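Chains here go by letter, A, B, C, D, E, F, G, H, I, J, K and L, matching the order in which they are written, and residues are numbered from 1 within each.
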Amino acid sequence: MLKMIEVVGTSSSGFSEAVRDAVDRVSAEGNKIHFFQVVEQRGAVREDKIREFQVVLKIAFEA
Amino acid sequence: MLKMIEVVGTSSSGFSEAVRDAVDRVSAEGNKIHFFQVVEQRGAVREDKIREFQVVLKIAFEA
Amino acid sequence: MLKMIEVVGTSSSGFSEAVRDAVDRVSAEGNKIHFFQVVEQRGAVREDKIREFQVVLKIAFEA
Amino acid sequence: MLKMIEVVGTSSSGFSEAVRDAVDRVSAEGNKIHFFQVVEQRGAVREDKIREFQVVLKIAFEA
Amino acid sequence: MLKMIEVVGTSSSGFSEAVRDAVDRVSAEGNKIHFFQVVEQRGAVREDKIREFQVVLKIAFEA
Amino acid sequence: MLKMIEVVGTSSSGFSEAVRDAVDRVSAEGNKIHFFQVVEQRGAVREDKIREFQVVLKIAFEA
Amino acid sequence: MLKMIEVVGTSSSGFSEAVRDAVDRVSAEGNKIHFFQVVEQRGAVREDKIREFQVVLKIAFEA
Amino acid sequence: MLKMIEVVGTSSSGFSEAVRDAVDRVSAEGNKIHFFQVVEQRGAVREDKIREFQVVLKIAFEA
Amino acid sequence: MLKMIEVVGTSSSGFSEAVRDAVDRVSAEGNKIHFFQVVEQRGAVREDKIREFQVVLKIAFEA
Amino acid sequence: MLKMIEVVGTSSSGFSEAVRDAVDRVSAEGNKIHFFQVVEQRGAVREDKIREFQVVLKIAFEA
Amino acid sequence: MLKMIEVVGTSSSGFSEAVRDAVDRVSAEGNKIHFFQVVEQRGAVREDKIREFQVVLKIAFEA
Amino acid sequence: MLKMIEVVGTSSSGFSEAVRDAVDRVSAEGNKIHFFQVVEQRGAVREDKIREFQVVLKIAFEA
């Protein structure tokens, strides 16, 4: 069975990098990921600069 | 009249590249594209790495 | 109080760059931005090439 | 950059006329409009008659 | 208290007329209507012609 | 089986006329249409006037 | 005119049977049904078993 | 590249059978299908009986 | 308190069976399930046959 | 079978009180309510004060 | 014509109070508000306590 | 990285209290919560009284 968790990936570079961040972290916990889906794309700004791109992802892994 | 088709673009680099992939392929079939809309952003993972970013796109072309 | 405005950022490079474009322009008007949310991702094509990636964003700023 | 504002156009005739009402008023304020999107269609009824068709629109203009 | 019913209005002329059709019929049943909201816009085609525009409406009335 | 295509109908008059435009063109290609659904209603403005109402439609035809 | 009511059909067998349950009950009240739409699919579980599949349906009937 | 078409599958038995109907017909046209997504579940009723379950599906195939 | 997890149930028979598959597996892990909600219905096709119906479910259990 | 009606509850105090208002009124008509779902939260303002909080609710009752 | 702005109201007490906060502030700027709609309900937590309830509102005022 | 879990908070008083209930319980499990989002607002009724307000929440915590 696949289970899906929802996580927030972040990156100062862009949305695709924020996705890699989340996938890397969830993999590093020992989960065997099959696929992901983007749920929401947001970002934080500080002093006129984008501090981080944030992607809310559903990640499906074997369980 | 504009017709819209829905396709899945893929790239190992990121979402924007996956969009280019789809636009290039639909153009190569001889369609005169006007605009596109992102419908869904997903991806496939194999052995802890993102194998491909997948973007489901609606592409509007002259017909 | 935070107010939210909706703007269209554009870039010939990709979606993340289109977001930066919008955040830079709204900041340049003197607004203190806190965060942004992606509402829609689209793009314009001319002569078989992506002329611009377009991101409709909600931008929240102090007011 | 394009900014989008949300307004309510009204008409006793129908939805398309309510859209014209909103576009005319926002143009009359000196805004150079590019496009609009319908967000919601509603209406008010008084004494068994439709008093007004109401269209909530997003209007995109140069800013 | 306001109650809301959902009905399908139809017209061979257009969507605004289909709304009038539904409002007239629900009023004719003796209901005091306050407002309506468009839920869905569809239509039926027969022999290459639009036979009817169909509007699914929520109608709010005193109860 | 019914297949559904998505097209953009346009008219300078209004949304219902934009739907007729799309249905006429898809019929003219020899398709036997059963029904349609409105997906999105937009429009283009030039020099303070609505140049065209645009309706994105799903059209279901025999195939 | 068609009116639409929303009901919850249930079955211990599956979703399609839950739809039949709702259609049968609404017909048994003397309503002439034209069509239905699925709004939501849920279910109740007791002691590790699915006690019932639940389908929230909109049912359109002549009125 | 994968393309997605939208079709309506039907069955007098249930929703899963309506999906099979659509997949079988699209395959019979020579398309190599990868996956499908349910878009909408509806049905037609005649003389108090469900005449057909209808499933609107997106079907993704190689192209 | 109830917690909700999202899982993918699969079955070669149909959607209702895919739901049973997911509920059985989550129960077998010792969770006391109260109810479930269908989030998405998809499926995989291989060599012109439906290999599996897939149902993404939210499952609520005591925690 | 459960039927669901949609009503608008109102209160000058807040959203939860507006829900109580609607539940009390529908119960007072002799309906045995099982559950409710919030559909929309709105409100009316007069002379700079919130005149009423409005909650559109679906209420499920035995029928 | 009514214009709609989107703002974030906050309160340490609850959602209804966060709405009052936003309505009060927008009124204090001299706007004649007619109605509001809730778009999103969120909140921030610090050291295990809800620091603020946040309500994203559309506020319609005369313009 | 932030992870998001979905839980159901309940209260006999109102929606804001149901949110506090969920946040308190998830905090009590030792999770460092950053923010929450309301997904759905429902409630159970017994003998004409609201037995509980139910809020489905996404809660984001450090992980």
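Assorted remarks:
Simple rule for what comes next: contacts are C-beta pairs under 8 Å (C-beta built on N, C-alpha and C of every residue); 3 or more make two chains touch, one makes a residue touch a chain.
Since we're looking at a predicted model, the values are computed, not measured.
Think of each touching pair as a link: the shortest run of links from chain B to chain H has 1 of them.
The interface formed by A-I recurs in B-H: of the pairs listed in D-F, A-B or B-H, only this one shares over half of its residue-numbered contact pairs with it.
Superposing the C-alpha atoms of chain E onto those of chain L requires a rotation of 120 degrees, given to the nearest 5. Mean C-alpha positions place chain E and chain H at a centre distance of 29 Å. The centroid of the Cα atoms in chain I and the matching centroid in chain K are 38 Å apart.
In chain H, the positions touching at least two other chains are 5-6, 14-16. Chains that are in contact with each other form these pairs: A-B, A-C, A-I, A-L, B-C, B-F, B-H, C-D, C-K, D-E, D-F, D-K, E-F, E-G, E-J, F-H, G-H, G-I, G-J, H-I, I-L, J-K, J-L, K-L. Contact residues of chain G toward chain E in the complex are 1-6, 58, 60, 63. Against chain E, in their complex, chain J makes its touches with residues 5-10, 21-22, 25-26, 56. Those residues of chain L whose C-beta lies close enough to touch chain J in the complex are 13-16, 40-45, 48, 50, 53. Interface of chain A with chain B (complex): residues 14-17, 19-20, 23-24, 27, 33-38.
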